[in-house]
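Both complexes shown next keep chain A, but they swap its partner, so chain B is in the first and chain C is in the second.
Then we have the complex of A and B:
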């Protein structure tokens, strides 16, 4: 029992700083992941061939897609690990589940921000490297308009937020019940297999993907991501709020 | 072996993770390393802007590739070819020229046994009997790294009355192009080069060989040719 008067904001702030100092090392892994993805991207993310009987042009398309995908996987893992750490480490403070979840949310928001920005800019690094290294058909696209670059970073940050929130949600569920650690991936990959066939489950899965990936309005997309992340965190808070002591 | 390179890059990455997994990097060091990384990325972005600005002004290829109109370019080429004015087209260049003295009365144009001669051919009869056969190869193909994407054919005299045309060497060109990331494309109206496949075809361009023969020379064209037209000819 503490005799100090505390409020939610100050506790959350302290926890956030603590999480930041304890887990900032993950940014090194982000760097390594992005540089690894950059290396993998040097061969092109996709290709097409066109030709006659005498001449064939193999066209390799270069973009930062692999870097972004790797970064999003990283964001999911960070979300999952943060949930685990929250369960184990947060009770070094006078705290409750609400402040812990809020601090985790702030931490994930910051990591998503850094991940999204660096992922997009790492794509520019890829372009610069390949400009000197490969035979380009055209230099168009070597640099992108600042507005496009900002938009790309912003969208990647939003996707990273979504993925880390999903990872955190999954991590919390897994901490609550170990059986879910296995059950959720089984359900997820099962639905992927189902998606390969034309079933009702597949249609549902496709609709979920289309809901986010095919949204062409930036404002609506932002709203969808913000609402989804908020919904995930509210669920987590409600789900874990009754648990006031270390498990 | 080249295909294995990406996999080989995984090996050092796994090793780094194994080492880092056991080593606790301090908060201050992490902050320093990541700040350096951020600054490096920003500098690279600046470098990309500067390089692109310098390159795009001098590269005509950028313009050609984006403003290409595949349907009209092929149509114009063949229309000009059949009318004997292919050399006048601005995008067409001469990529081969051969001249032979030929005093004979009959000429047989052949290609290698069983081969299909890829470029279209035009036989143009001159106004005079100058005993000279002139063969000119034209292409509208794009120049890549100083060379045309298509090679000129080989033209030579064979035997008494044969002119042999064989296809040029085959080329495989691997090239790269930049595309926007999917996070950028999701909200843009023009998705990733939707008609790029077709545009690439027109980069290869068209190729034709114009054979100018003396006025009264009897010409016989063998199998394996696609003759577009006979200019100044009765038959």
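Then we have the complex of A and C:
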């Protein structure tokens, strides 16, 4: 039987489709997470009461932030699971380490796109619900300009990309060495505690957060995220290139 | 043309040599049986061939290329064992369609017909299948993929005898239509020997025998009779297995290096000469003790 020549692009494409078919269930989990976040959001993210003897004013601030946060956590978990699934499922059929990572990358890009857009539109849904269900003191901020909506979606998609790439990175390290599964969260949360104190390490950690979360220029922000995600993926590709599978 | 070439191949796990200094070549379009005791290194060898593992030392070439992390080699081989992980959310027919797109020679109709024959419901889920049915499904994938190199690592685990027989026959029929290189590892040599062209026997990670099956069948003879006569005709190095049958009679398996005259003479002296079944022979060849398990109980 004759030898069949193939190329990276066609294998990656096949594997991407295979991954999509194998992981359709995660879309349901996304919907559940966002619905849950939507319900939690209607209760308000913060509230305060001001009162005199005669009147009490209850002030509730309601925002769609919880939906975004939940979606980003979901993106991280999807990234982590994709790494585990890639390791578990990919190598039974035609693949190599590079095509597996590329297909995972395409898959995460797609899920981030879906997650980012749906999360932003959930925010719109929240506003609609509030308009009909609650007595609003003010409608300020209730409507959203289409341009702002677009921008919000775009930024959320990029954050979802970053978080799922981080999840994938963590997941791949964990596949390579089980000790890292524990070590990385310990380092991460440890650094959070350190950040609470005012040390030099804390300064650095804060700078990292500022670097990603306080960028006002959209173009610069895009560049930062794209470069970071690319760096993470290149590291993984180099890191897994000599990885043994199906041991 | 050589399909697989191995030179001094070794693989060590935590100081244990799973495969040790293994050199062999496997020709194209032949069915080779890979036989060895538990822990002999069969699966490790197959995973080295499939490019999942990196050799510690030595070299392995599949289709003239290093298989490790090689897309071209991966596109031309399929590795079927009982560890096959498939997407949980797909039914059997969806799985077949999803897997089939990877392989240019995929036989969708054949896969469907085999599914039907082995009474697997297309709407069933892989996770809900019994062990034997999972093996049947894996085997269907392995046959329908029609890969130039098809590796079966103990594919019949959990299958009942009837299904195993059908499977061997299906494999042979498809092989005759589309010859390809097949490596088949199994403990049930007596069942698969009809299929095989060659046999590769490994013992403790090393190659012990690699020869056509016809030669294996004449590799040794069984001698039953009086111990003194049989001892006289066989040298110590020839003996592969011996078992006392009574006070002075013995059953002894020896390498068949006798000429016709010696055998004829032995027959006249009352020695019964019998062929040795290939699976028994492999057990004797790979045994650590010449007396088998009896050695353990006759220490005192």
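Here is the rule we go by: the second predicted complex is superposed on the first by the 232 of 247 C-alpha atoms of A that agree within 3 Å, B and C clash if a C-alpha of one lies under 4 Å from a C-alpha of the other, contacts with A are read in each partner's own complex, and residues count from 1 in each chain.
The definition used in the following text is that a contact is a pair of C-beta atoms (placed from the backbone, for glycine too) under 8 Å apart; a residue touches a chain by one contact, two chains touch by 3 or more.
Because the structure is a prediction, the values reported are computed rather than measured.
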Contacts of A:118 with chain B and chain C, given as first, second, both or neither: first
Partner chain(s) touched by A:241 [first = chain B, second = chain C, both, neither]: second
Comparing the two partners chain B and chain C, which touches a greater set of residues in chain A: B
Chain B versus chain C as contact partner of A:25, first or second or both or neither: both
First, second, both or neither for A:165, with chain B first and chain C second: neither
First (chain B), second (chain C), both or neither touched by A:173: neither
Partner chain in contact with A:97 - chain B first, chain C second, else both or neither: second
Partner chain(s) touched by A:232 [first = chain B, second = chain C, both, neither]: neither
Chain B versus chain C as contact partner of A:62, first or second or both or neither: first
Touched partner set for A:11, first chain B, second chain C, both or neither: second
Residues on chain A lying within both footprints (that of chain B and that of chain C): 21, 24-25
Of chain C, residues touching chain A in the complex: 29, 47, 52-54, 63, 69-72, 74-76, 78-79, 83-87, 89-90, 94, 98-99, 101-105, 146-148, 178-181
Chain B partner contacts - residues on chain A that touch it in the complex: 21, 24-25, 27-29, 31-32, 36, 39-40, 43-45, 48, 50-65, 68, 114, 118, 120-125, 127-128, 130-131, 134-144, 148-149, 151-152, 155-156, 159, 213-218, 221
Chain A residues within the chain C interface of the complex: 1-8, 11, 14, 17-18, 21-25, 88-89, 91-99, 241-242, 244-247
Touch list for chain B against partner chain A, complex: 2, 5-6, 9-10, 13, 16-17, 20, 24-25, 27, 30-31, 33-34, 37-38, 40-42, 44-45, 47-49, 51-53, 55-56, 59, 61-62, 65-66, 116, 118, 141, 144-145, 149-151, 167-184, 186-187, 192-193, 196-197, 200-201, 203-204
